[in-house]
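Structure first, commentary second.
Labels for the chains are A, B, C, D, E, F, G and H, by order of writing; each one numbers its residues from 1.
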Amino acid sequence: MTLKVYLSGEIHTDWRDEIEAGVKAAGLDVSFSAPVTDHDASDDCGVAILGGESDKFWHDHKGAKLNAIRTRKGIADADVVVVRFGEKYKQWNAAFDAGMAAALGKSLIVLHGPDHQHALKEVDAAALAVAETPEQVVQMLVYVETGQLPG
Amino acid sequence: MTLKVYLSGEIHTDWRDEIEAGVKAAGLDVSFSAPVTDHDASDDCGVAILGGESDKFWHDHKGAKLNAIRTRKGIADADVVVVRFGEKYKQWNAAFDAGMAAALGKSLIVLHGPDHQHALKEVDAAALAVAETPEQVVQMLVYVETGQLPG
Amino acid sequence: MTLKVYLSGEIHTDWRDEIEAGVKAAGLDVSFSAPVTDHDASDDCGVAILGGESDKFWHDHKGAKLNAIRTRKGIADADVVVVRFGEKYKQWNAAFDAGMAAALGKSLIVLHGPDHQHALKEVDAAALAVAETPEQVVQMLVYVETGQLPG
Amino acid sequence: MTLKVYLSGEIHTDWRDEIEAGVKAAGLDVSFSAPVTDHDASDDCGVAILGGESDKFWHDHKGAKLNAIRTRKGIADADVVVVRFGEKYKQWNAAFDAGMAAALGKSLIVLHGPDHQHALKEVDAAALAVAETPEQVVQMLVYVETGQLPG
Amino acid sequence: MTLKVYLSGEIHTDWRDEIEAGVKAAGLDVSFSAPVTDHDASDDCGVAILGGESDKFWHDHKGAKLNAIRTRKGIADADVVVVRFGEKYKQWNAAFDAGMAAALGKSLIVLHGPDHQHALKEVDAAALAVAETPEQVVQMLVYVETGQLPG
Amino acid sequence: MTLKVYLSGEIHTDWRDEIEAGVKAAGLDVSFSAPVTDHDASDDCGVAILGGESDKFWHDHKGAKLNAIRTRKGIADADVVVVRFGEKYKQWNAAFDAGMAAALGKSLIVLHGPDHQHALKEVDAAALAVAETPEQVVQMLVYVETGQLPG
Amino acid sequence: MTLKVYLSGEIHTDWRDEIEAGVKAAGLDVSFSAPVTDHDASDDCGVAILGGESDKFWHDHKGAKLNAIRTRKGIADADVVVVRFGEKYKQWNAAFDAGMAAALGKSLIVLHGPDHQHALKEVDAAALAVAETPEQVVQMLVYVETGQLPG
Amino acid sequence: MTLKVYLSGEIHTDWRDEIEAGVKAAGLDVSFSAPVTDHDASDDCGVAILGGESDKFWHDHKGAKLNAIRTRKGIADADVVVVRFGEKYKQWNAAFDAGMAAALGKSLIVLHGPDHQHALKEVDAAALAVAETPEQVVQMLVYVETGQLPG
């Protein structure tokens, strides 16, 4: 069983690397996809390729749409969508991805610290698991693939 | 043509009333639905009906799921989903609703002030319109129903 | 908002009447559907109309399929599917209905006593609410329709 | 033609091994998936990874949802879902899986002894085959793949 | 519960009238639709409206497509599709309608005499009921709507 | 049978009025929807309501998206989509609507003069009827509703 | 581009072999599937594996359902469904398969002699091509894959 | 991540070659499909294989339908549909493909010169990117696959 996992959300820490490394160490049959995590490239991709915009709204609009080609494919192809909410920023795109994943019937895992518990209650309620650490996500993927529990 | 409109998001101002009043004044054939907007009831509905929880996570979980019966029907039945982002709070449920609406192919209108423009770029990119005021939403519903422009 | 509710499962107590009466008393805009609850008619409908079978398997088969015309429409049309598990019998048809409802994205409410908690954990995990009494179901429908909490 | 088969239900006998061995002996192009069949791991996986719960309901809830990541993928990817009902226990999860499989349009094979015939009539009515032994399931898979009948 | 029933197939006897009369006599909430049953109009409608064709294939093609506007709506809107196979003719359109109904998840009732039993086994296998007389169809619709068995 | 008909395409002649008048004269149960046919309003609606744009591309973009709220609902709700290609202009929006209608499984009627026959062959190939005059569309709707042929 | 082709219908001539040989000779990237074409095995498979039936209807029923596991997968996985109508027999299963294929949006090719033209007009009207010989089917597959026309 | 890209529209310049060459040079994991781009073969394929037609409408009809086997598979399988509008011709098939792609939820890229901006506004409004040159399409595919921006 190849499990396809999309890693959505926060792009300022190395949580994706932790999960991918843990899964690799466990020798699982899991393939990962993710948004472009280079913040500047992600913000400017639209105008860099398709031409500049004087209005910031359209600058952002072009970039967000171009990024959507990648993120929509990632979500559409995934069995499991992991959405990470970090400590900072609005991160509405993360919650938006979670909503898409839920509507498409994907298995949703939400990853966040206890401070966000109340504010994320609607997102958590749509999830099959709510984790606090990348290691827990690895342990879940190990369990889903092999039936083995940690330790 | 009866247009079904779901009004998602911010619950601390009277923007829903403004839109409904404007639409009523215009004599349009529009039906509205919305989440429960009584903040306390919305937070406590789960435990009030199904029994208390000592753990805040499950307290919130029960409430969020019960509210989902209403919100999912509202979104599923809607032709147009309007999502309002206010000035305060994380409002991840609003972005989550927008993601569901987009994935279900609903016509999405996002309503927010200019301060949120960059943070909402992915949500805006999935929308058919981005408005700043409830009045603009009314004018759009009038136009969609009747073809009449303001003024 | 008209809420369509399908009442699946146990047919030996009057829980459906309790819910319908409670909803009526509350003046809600809810329409109910349910399987045929006359046990003998439900068991024998196939052979009574389409001709007898010497083999009990096919006797049951004809009846179960004829009943499926009603139950599938009820589930397909519903916004909310309430599945009641009683004290006795295998009630596999109730769990089967719950599985259909979940796969079709219906809002699922499971109604059962505490004794069944462990055995129903997979069904409960797919539900938006787990209730113990018909009164709680009424209170939830009141809340979903009106935003009003009991008491 | 690669046939993907999900083996749902009873986890206390070696029926899955029998089917997999029979299919292997026949040299068929069939891939199998199944739930985690280690009863203790399956019951405790949620709390083992995501943290303990004092309330048995939430203990089970976390586990059932984590297991659902695996079972939903298994069913969603399958061409054929075989659901085995054993002699003991309520096995509502098996009937729930059968309901999901039916709603998703999967080819459903139900495997059970004659004692359960009447109680399973609604599940059997949704199936393309009702078998009593794992050997019959193997023979059907051989026939579906190759057109060869036994003996 | 309004049941929508599409009556497909044989157009040379008055079986549709029998069913509609029986349902009316029983006071059921059932709405019927059907193909155009005037054989000549059905054959010639395409060329009568859109202009003649010298080649019989295209003459028939235009008519079959125009009729499909009606038949596809009838099947798409139906809860129950009844397909009648008469004694004569190939009636491939009836079997085609049955295939469409099955693929769309409609409740399928097949109506035919015992002579056609073997030739229709694949169609019957996709049905929820196989009847021999219009009266049986009426009795089933009465049962599905009211739970009442005949006599 | 209420037939819902969406009238897409050319907005410079009164073909919609002809069809609606003919259908009304025939007393049919047909409901019509259509895009906004006021060319100037349609072009400028976005900036008139949501604020001006200095770049013509975004001026048009805002308008096209706002119009899409109406056109997508019209097509999504329709049983039959009639697409009219006139003598002038590129009319790519008409062909785009036809593609959407085809992908959504709507019954498609294309209405155009003989000059466009070759250029529209792919669109015509997806249609259930190709007409040259509004009167033919009326005659088809009469036939589909009543089974009556002209004359 | 791998094209998946399901070859449905008549099982008494070697038309499938002709098509497969022609495609192989052309070196195309096409994979074929088909029903079991051994008439006796196809008729008796149900009772041979799952136990005899005294009633011919249920004998056939068990077989038809077991065969459906194969045929439904073949059709569901296919890009193109070719349905051949031979000179003899009712062949309602062929027309049923064509109806399923049409409802599922598959590209349908119908293969039959001129005698059946009128009786198959509804099936032909749902097809993308109507051929008279297996060689024409090969030529179409060559063209679809390579753009090369015969001769 | 393998990206499947369908290249629809204008067939008189070598834009497809430019894109495929650019993607190959970048070493991306992208697979392309496209319609038959030999204009004469595309026009005459139907009659060349299935027999001549005296009426040009049916000549074109047979060809358009045979081509649809290829184009529908290309669009249905694609993650990204690029539609190119050239300087000449009506190109309604290109807009039709864009409409299908939009309705199927594909990521749509439109490629055209500034002259067509106003006439294509509805098509552009459904797209995730509007490009003027094949090189921009290559740059977008590079970015979507690797996150790398040009230069």
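One rule holds for everything that comes next: a residue touches a chain if its C-beta (ideal position, glycine included) is under 8 Å from a C-beta of that chain, and two chains touch if they have at least 3 such contacts.
In this text the structure is predicted, and so the values were computed from the model without any measurement.
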| item | value |
| --- | --- |
| Copies chain F and chain H touch via same or different residues, half shared test | same |
| Pair in F-H, A-H or C-D that repeats A-D, with over half of contact pairs matching by residue number | A-H |
| Chain whose mean Cα position lies farthest from chain B | G |
| Intercentroid distance (Cα basis), chain H paired with chain E, Å | 41 |
| Where chain A and chain B are represented by their mean Cα positions, the distance between them in whole Å | 24 |
| Centre-to-centre distance between chain F and chain B (centres being mean Cα positions), rounded to whole Å | 31 |
| Interface hub residues of chain F, defined as touching at least two other chains | 65, 68, 130 |
| Residue ranges of chain E in contact with chain G within the complex | 56-57, 60-61, 63-65, 67-68, 85, 89-104, 116-126, 130 |
| Chain E contact footprint on chain F (complex, rising order) | 1, 3, 79-80, 107, 109, 127-131, 136, 139-140, 143-144, 147-151 |
| Chain H residues within the chain G interface of the complex | 33, 36-38, 41-42, 44-46, 48-50, 62, 65-66, 68-70, 72-74, 77 |
